[in-house]
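The next part holds the structures, each set out as structure tokens.
You will see chain A twice below: alongside chain B first, and alongside chain C after that.
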Partner chain A sequence: MKTVIVACGSGVATSQTVASKVKKILNENGVKANVEAVDIKSLDQYIKTSHVYIAITKAKKEYDIPTLNGIAFLTGMGMKEETEKLISLLKS
Partner chain B sequence: MKKEVSDLVLYFLEHHSSSVTAVEEEVCRNKRSLQACIDDVNQYLIKENREVIRIDTMNGNITINESTREGLYYILKHGKMIELNYIAPEMRESLLLIKLCITDENPALQDLADLVQVSKNTALQDLKRIKNILSEKLIELNYTRKNGYSVSGEEFKIRKLFIEEIKRVLAAQFGFSFLWRLGFLNKEDIFFLRQRLINMEKKLSIALTDEQIDDLPVVLYLLIQRMKHSNASWQAEFDLADMEQSNEIQTLKRMFWDSHLDDEDKTYLALQVLSSNMLESVLAISSSNELSMAVRTTIDMVDTQLATNLLNKTELLTKILLHLRPAIYRIRFNLPIQNPLTEQFIAEYPAMFAIISKSVFPIEKCIDASISKEELVYLAMIIQAWIYRTEEKQEYAFRALVVCRNGTSVSKLLLETLKDMFSHIQFMGAYAERHFKEHEQEVDFIFSTVPLNTPKKTFIVKPFLNRAARLEIRNAIDKHINHNADKKARELTYYLKEHINEENYQFVHDKIVDFFNKSPNLKMERSTNSRLFSFKKEHILFLDETIHWQDALAFAIKPLLSRGSITKNYSQKLYEIFERESDRMMLGPHVYLPHAQPSDGVHKQDFSILICRNQIQMPDTRFAKIIVVLAPSDYHLHVPTLLHLNELFLEEDSFNKIVSALNTEDALKIINKEKGGDPHE
Partner chain C sequence: MSEVDLLHEELVFLDVDARKTEDLFLFVGEELEKRGYVKSTFTRAIIEREALYPTGLALERINIGIPHTDPMHVNTGFVAVVKNKYKLPFIHMGTNNQQILIDYFFILGIKDPADQVKLLQLLMEKFSNVEFIQGLQSNHEQHTLFSFIKNKFEE
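Right after this comes the complex of A and B.
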């Protein structure tokens, strides 16, 4: 099963909420994946074992795995595009 | 070994891990004696340099690890802890008889009494009973003061009785240990005989049952002793000419090349092997020969008398021929056979037994011998098992295999009975104890007639399952599945499979496992968790002015401070973070979510929803219509509420209603409205 990680820089609420929301969206679309909200401090470590990174913090550096915009899932702006990208990444 | 101890060891082998309470319920009611039993077993395990059975004093959990389990297995298998001080009368009779057959010393009464550790008087009583048994079989028990005891009679009859007694002893608990401790056996010779038998299996492409591979070396060894110690020679009651040519017999005779026996005795030994029950054999069975025709006639006759039709008769024919091959040796040469299930089977399936009895005459005619009751029951068992066979289904919730020490007919019947009982278990087949390891990894359960050394969940069953036993095993499985979240989930998914989209199988299964795995407490907590924050008047604020974002935040934070939900430090942190990252702290279009961490100073979860009637510019230069200030008490509690709010904000209708709400009541109506379905995931 593929792993999606969600991380935000400062608060606690956003990444948790986005992770839950993404899980729900994936369920509704019948896509199986392991979605986790992780601490930004240990992000580098998680990146290695994950397939998609949903960023909420401003990207400080480039990662090897596809990165999506997490805020889109909350504001609805660009959410459709990000959802489609996510699903195609997980199904590939 | 005390029964208590052996019961306990068996229980641990079956369960792998357990708790003191469970053991007390199922095996041993008394805590002190349980401890004593475990101490006994542990003492043995320590001697064997194995890890001991550990009991967690905190929660009473009992852990059995790999090395311990192996030790327990050997305790049962070899009767390591057995007390031999007392030998039961029937066992004494058998042992005395065996002794008399393998000695040429004509022992005196005292010798025999010492051997089985009883008084001379008791031994005399035993011998009287033996004399009666022997006279029924036309064998004499002789005694002279000078020469002691000896048996005499036709060698063929003596050997038959001799083998029966050996098999009886071996079938009893710790029988092998008795033979060994009384000095009847030479372990090295037995080991070599066993190795040679295994080689023979390869050479002749046969597979003997576990029971045979364990028992035959002992029988053969003791037979060799008999042959060496008695001068009597064996006269076959039948013509050996046609058999002698058989390649199998010649091959098997070479097994005994170093035994210094004459050719006839070697033939006798070879016949013992050939007449043993086998699990499989690729010995050529021509389908056109006389025997095969006879069997087909019998099958057809049985078929017409049965209420159901026999499926796949050709396969059944092969099965019966496979069984008949050794059986014919037994029947024609009148070799001893024990079918421990004879009476039980006849009692349970009288009609089947009657039908078979009436229908075997073509076979009897073909082999020119009458078939004994025991052999009839074997045949009836094969056919009964065949009737149990139902059309194979495609999907199963579990996989299992059966381990049986007995031959094809017994294991087949057991296998088919189990298949019939558990339609959701796919049975891989019946295997010998020596061979099941090859398939061990593929299954969820193992049904076995003997204790096994395996990490898989094992159910010990009787080879013959009557009504009561069937009920018992069904309960045991239900109980096991109920205690195992993964298996329970699989059973449930299987049950619901028609209603679940196939690609969701795994997902649904994982979800159910998740659900079962939560302890009752956690489930409670979770359901509390999933309750949304209930917003009240004091949580909703309106702002009509266009002010600086810091002032707006201060306005929203004030109630949190005054309610004592957060500290000054938390609000300070919140400003700092929000100034830096406001563009990331969103909860909807034009909805901002200023917050910091619980550790920054949150006393209890709280919210402030500030509805800005005039847009307020945020640090990221965009405008806010709603500001939700969050005081999270931990890392998860707020998530359902935020998801709920997010949903409201993303829906144009509800968003507009909130933004344009005239008063707190209007806003609360929308905000506290439970959406259909569970907003929490």
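Right after this comes the complex of A and C.
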């Protein structure tokens, strides 16, 4: 099963909110994946075992896995496009 | 805990006269500390965290800031609703330089991370609702604005 990682400054507020939204969306679409929220400082260690990174803070460096816009999942604005990208990444 | 319990009439601050965003945090932080909601480290923690991980959000109908920090700086959970006399600049979440002008700050003080998730979900749902935004903008007094938000949280 593929892993989706969501990161924010603390790993407790925004990232968990986004992670819970993403889990719900994947469920509704019948897509199975692990969705985890972490704090940005632990991102490097988690990214190696993840397939998609949903970013809430601006990245200080580039990661070699696909990165999606987490704010879209938080506010709902632009969420449809990010959802489509996420699902196609997880299905591929 | 229900999200509505985080709302307190004394934590609705309208017509704040801050020249800079930092002044607004200093003012609200002092009020929060005086009333026992936060520790003396709260304001500094908010300002520092905001510099690293900004929380401005340009939504469809309104620009908000949702500053928050770690539970260790908080005594009792709360949501403070703050409107300055004029809009203050703030950095948009996920960027380090995209400035937006904030209509309302919802300063979040959370003790339990599990509550924080529910609270953010609820806030985002409300902020995407046109009726909620209109109500925010048409209630100009502490008591009426508090009652309005409380009713909406209870829906």
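What we mean here is this: the second predicted complex is superposed on the first by the 90 of 92 C-alpha atoms of A that agree within 3 Å, B and C clash if a C-alpha of one lies under 4 Å from a C-alpha of the other, contacts with A are read in each partner's own complex, and residues count from 1 in each chain.
What we mean here is this: a residue touches a chain if its C-beta (ideal position, glycine included) is under 8 Å from a C-beta of that chain, and two chains touch if they have at least 3 such contacts.
Source: prediction; values computed, not measured.
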Combined model on chain A where chain B meets chain C, clash or fit: clash
Which superposed partner A:N69 touches (first chain B, second chain C, both, neither): second
Touched partner set for A:M77, first chain B, second chain C, both or neither: both
First, second, both or neither for A:T14, with chain B first and chain C second: both
First, second, both or neither for A:I56, with chain B first and chain C second: both
Chain C clash site on chain B (candidates 25-33, 313-321, 421-429 or 565-573): 565-573
Chain B/chain C common contact set on chain A: 8-10, 12-14, 16-17, 20-21, 56-58, 71, 74-77
Residue numbers on chain C that touch chain A, as the complex places them: 49, 52-53, 55, 57, 59-60, 68-70, 93-96, 108, 110, 113, 116-117, 120-121, 124, 127-128
Of chain A, residues touching chain B in the complex: 8-14, 16-17, 20-21, 23-24, 27, 30, 32, 56-58, 71, 74-77
Residues of chain B that touch chain A when the two form their complex: 501, 503-504, 506-507, 577, 580-581, 583-589, 591, 593, 595-598, 630, 632, 635-636, 638-640, 642-643, 646, 649-650, 680-681
Chain C partner contacts - residues on chain A that touch it in the complex: 8-10, 12-14, 16-17, 20-21, 40, 55-58, 69-71, 74-77
